[in-house]
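Structures incoming, each one as structure tokens.
Here come two complexes built around subunit A, the first alongside subunit B, the second alongside subunit C.
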Partner chain A sequence: MGYVAIKGGTKAIEESIKRLKYERLKEKKIVNVDDIKGSMRGLIDQVMSESSLCSRELASIAIKQAEGNMEEAVFLLRAYRSTLPRKHYTKVLDTDNMLVERRISASFKDIPGGQILGASYDYTHRLIDFDLTDESLEDAIKWVDDYENEKIKDDDTDLKKLPKVVDYLREEGLIKTYEDNNKEPIDVTKKSIEFPTERSERLQILTRGQTGAITSLGYAALRAYGALHPTVGELRIGSLPIYIDNPLDQSSKEEDSFYIGDIKITEVESFIPKEIEKEKGRKEIEFDIGYGICYGQNETKAIAMSILDNCLETGNKKYPTHDEEFVLLHIDSVESTGFISHLKLPHYVTFQSKLDSARKTKKGEKDNEDRL
Partner chain B sequence: MNRKRRTEILIKGSTSIAKGLAEEIQNKYDVKVIEEPNYGLIMVKMREGAKKSLFYLGEVLVTETKVQINGKLGIGIVKGNNPDLSLYLAIIDAAYNLELKETKAFKDILLKEEEKINNENKKYKSKILKSKVNFDTMDV
Partner chain C sequence: MKIDYNFAFFDEGSKREIRRATLKAVAIPGYQVSFASREMPIARGWGTGGLQLTLSLTGTEDVLKVIDQGSDESVNAVNIKKLVKKTTGVLNTDDTNKATLIQSRHRIPEKSLKDKQILVLQVPIPEPLRLVEPSEYKTKRLHAENEYSGAWLMLFEQIMKYGNMSTGADHPVKVYDRYVMAPSPIPRFDNPKMDYSKALILLGAGREKKIYAVPPYTKVKSLAFEDYPFEVESFEDKECRLCKATGVFMDELIDEDTKETYYQCNDTSYCLDRLNNRN
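After this line comes the complex of A and B, so read on.
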């Protein structure tokens, strides 16, 4: 059988795109980008994290354009990002300087600076609040004003200098202490990954991974496919100031650097016990740290990332969640959704070829039967 | 006042402060815009807490502007989509690079704004600390 090249569908595609716009607008309702920016915090944080681009404005526009479809919004941001020049690199950020707005530990009740709950759904009843259907802007403004004018608590805790919980276990020698490793990280957006990967590549891929994929694989590792039992040592959410060196004088002093703004992140350090075999078969328990971090407030993703970080560091061949190729090549939103959706694109030629083979096989079988 | 502190005040503070200082320079000197406000990315380099190694967290959208006053360059960079502020920052940066006499008077304005920012921060921190847990031992 011969194959012929075909073309066509331009008009149909134009109509399909019009139909898509119609679906977005047919209720004759418009949601302003500012409204999305001001009220869709969770969605914006996820889109920024998965697209690896911190911009609440751009994320809001992408969400509007994608009608709230996560994978499409992330795709739009990644595509836009590829059109922009990378102008600078920040000075090294250290979360020791985070202005904390939420910080909890599941490992210790009493931590210096205290458990600070901040804003979280964890303590809510998860009952739908039907009053929200009639919420008015006036009510919202009044609530905010009342809240902001509530009496301030007298507490001299410095939220910019909260000690890390992990430091206590380090002081006791229960967690290994590391010197600062200043090896330049690899950037996975500039260089395709090769196995085995370096730690910097793994962390970058995990932090920009799809929230659902990271959570599912982290859960699988906990449940049966990873053999680890972590406890959240510290989960902190807050803002970090970003600075760059003077672009005109890279050798310039610290005080000559440019402040650019703050970014909000979620950071998790999980404690993972492991048995160490000492002399004469004596066994000791030590703790590893699993590290998770992402843009915005996305606690489940950061905790799941800390689990997967430890799995990939351990690399036990028994478990798929320890296999870096299995984890790292399948968690990126654009790569996984892109590959899955490409299956609906025309495969006329490849499918016809398979159909030909199937027909020939069937015909061969029938001829053989007839001969018998 | 050094650049690190100055840019932090100008970005965290009210845009009207940056606007006022930039306009004062613009009214007295010939400001050439070398690079119009434009968008770009900054890659965030981080140190992780487990093994203290470095990695890239992701990129941040920034607006950047370059201006020249009397041949001296000034740069304004700010997070997000903020062409006006990046222009003001660039003009103020050039003024400081030239050590223009006007910048001496800027110091008091900036210190006053810094105090305002610090007060806001204090209020913000106190609000957050209202959600700090006080554990009580239960009688069993």
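After this line comes the complex of A and C, so read on.
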């Protein structure tokens, strides 16, 4: 019962915060923000994706401050995000124009433009590399220089103009061609969602969802609770240029827009077979697309997102993974970790109140027995 | 890369949006108004709804009191006060009378509130029907249709099972004869203090992204049946070990040496005030 009844919370908090700093520094080691930025790519990518804030520098500071704790780093960036005025929306991006670093298809072996493996853990053995314990900076620099000087056989593939795998199925009529939906997306950070949601809202919430949560729910849908069997049509990783309209001139002319930088993203298009009912009960199989996209290289998350996107589009009442309230309201890192951790707060009053009710029910039982 | 935060943390656009939702909430007593709900530097579920209200309302002249389950010195209350002070520089107080703004988690102070004070309550689950209907889509419609059988049945079932209504804190209330509202988990003991309160009561749920309100002098009635009237927690024969107060909400504590149960005012500033004024 200690810390509420006793005066001195302020002092206790100060000491606890000091202790936290001590834990961070007690080994008398510090890591530079630049070192984090230069070597913690996977962590930075996940942190940026979950906090929906694209800044490697801020992510690195947050990671340092949080001692590498994901949920804390995301929390810091989300809170910081609340203080930033939203001044512009970017122009619509077309991922056809991505400068591709990695691009694979699990649906077709031979895709126009070819499979590009790029950098991936997929083909490594997960054996701990003990040599890393005494890796030296000199060796690292030398390795990089050698690598960069290696002659790479050039072919004439234009990495900025790789055709989408999905177009192939579209041409054959196996995937429905939809008209472009040019409706202005709803910004979920400016307006809380109402159900039923629009796809633009769903995609935003999925892409900023907690990596583990998205992966788990996507896995559940794939394994048993979703009734779908996706094939990764195309997974691509690369950078996209971002443009905004000229803020002083509302005409939105292409040549007046400003280039403000590149973002690196992972994009996944999954093909999901679906039965189409034709005349007289005849059935055909076509394919639906599940779409996943997120900051950085987060392949598992993007694939899981593509599964959940399709689940929520289908909305089969049998499965919780198809229930938009179940999925969308429980995958945000800041929300879920916040509410779970609030259980550590004192509940003296609320528990006292419940205790009173519990005692009254006991008394009620006795009264009833007396009456019998 | 060093940046100063704006007055009251948020950018002005965010504050304006919260105020708009608040005005709507005051205009429709007990109705849950959606708002975007920004992420805060304290955790969701730790009072971010209340904090967003407080920050959007704080002006330079305000005097702020923050309590957590009755205590001004609880870790979370201290933390919230520290943040508001850091980003606004307003004065803090423990004295209920002196405060213009009171943010509270799960208690309404024992001292009656006055005109022009604002009480901000932190809310974990704003939806009084959530226990009977998990879907937000459906509960929104139940409110619109004034369809509250679920809430009544919940209480009825408790009576059937336990012999009386066994709600702990958060016993649902009806506001202005229209909306059934979760009073935030204040103990039943505090429910009657909402009825015709002189102060404006604002309730904020950050994670659930809802703001709702009880305007001053508004009827608030706890749900109950004619033959099973609403009952508050009973402390009839108890008195505070320190200030000898009776008829207030008590903490139940155990004496470490004698293992005896004793009681103490839950509202620490009320208790202190009585102790100080006795001497």
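The definition used in the following text is that the second predicted complex is superposed on the first by the 349 of 372 C-alpha atoms of A that agree within 3 Å, B and C clash if a C-alpha of one lies under 4 Å from a C-alpha of the other, contacts with A are read in each partner's own complex, and residues count from 1 in each chain.
One rule holds in what follows: contacts are C-beta pairs under 8 Å (C-beta built on N, C-alpha and C of every residue); 3 or more make two chains touch, one makes a residue touch a chain.
This is a predicted model, so every value here is computed, not measured.
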Task: Check the contacts made with subunit A and report whether subunit B or subunit C touches more of its residues.
output: B
- prompt: With the two structures laid over each other on chain A, which partner does A:R81 touch: subunit B (first), subunit C (second), both, or neither?
  reply: both
Touching partner for A:G338 - first (subunit B), second (subunit C), both, neither: second
Message: For A:S251, using the defined touch cut-off, is the partner it touches subunit B, subunit C, both, or neither? Pick first, second, both or neither.
response: neither
Message: In the overlaid three-chain picture, which partner chain does A:N182 touch, first (subunit B) or second (subunit C), both, or neither?
response: first
Message: Quick check for you: in the superposed arrangement, does A:F195 touch first (subunit B), second (subunit C), both or neither?
response: second
Task: Considering only the touch criterion stated at the top, classify A:N149 as touching first (subunit B), second (subunit C), both, or neither.
output: neither
Query: When the two structures are overlaid on chain A, which partner does A:K91 contact: first (subunit B), second (subunit C), both, or neither?
result: first
Message: By the touch definition at the top of the document, which applies to A:E57: first (subunit B), second (subunit C), both, or neither?
response: both
Task: State whether A:G114 touches subunit B only (first), subunit C only (second), both chains, or neither.
output: first
- line: Residues on subunit A touched by both subunit B and subunit C 57-58, 81, 84-86, 189
- prompt: In the complex of these two chains, what residues of subunit A are touching subunit B?
  reply: 48-49, 52-58, 81, 84-95, 100-102, 109-110, 114-118, 148, 150, 152-155, 157-159, 164, 166, 178-185, 187-189, 199-200, 203-204, 207-208, 241-244, 246-248, 254-263, 265, 267, 269, 288-291, 293, 295, 309
- prompt: For subunit A, which residues count as touching subunit C in their complex?
  reply: 1, 3-10, 12-13, 57-58, 61, 75-76, 78-79, 81-86, 189-192, 194-196, 325, 329, 334-335, 337-342, 345-358, 360-361, 364-365, 367-368
Field: Sites on subunit C touched by subunit A in the complex
entry: 1, 5-6, 9-14, 17, 34-41, 43-46, 48, 68-71, 73-79, 82, 105-107, 124, 134-137, 140, 162-170, 185-189, 207, 209-210, 231, 233-234, 249-254, 264, 266, 268
- line: So, in the complex, the side of subunit B touching subunit A is made of residues 2-5, 7-8, 11, 39-62, 64, 73, 75, 77-81, 123, 125-133, 135
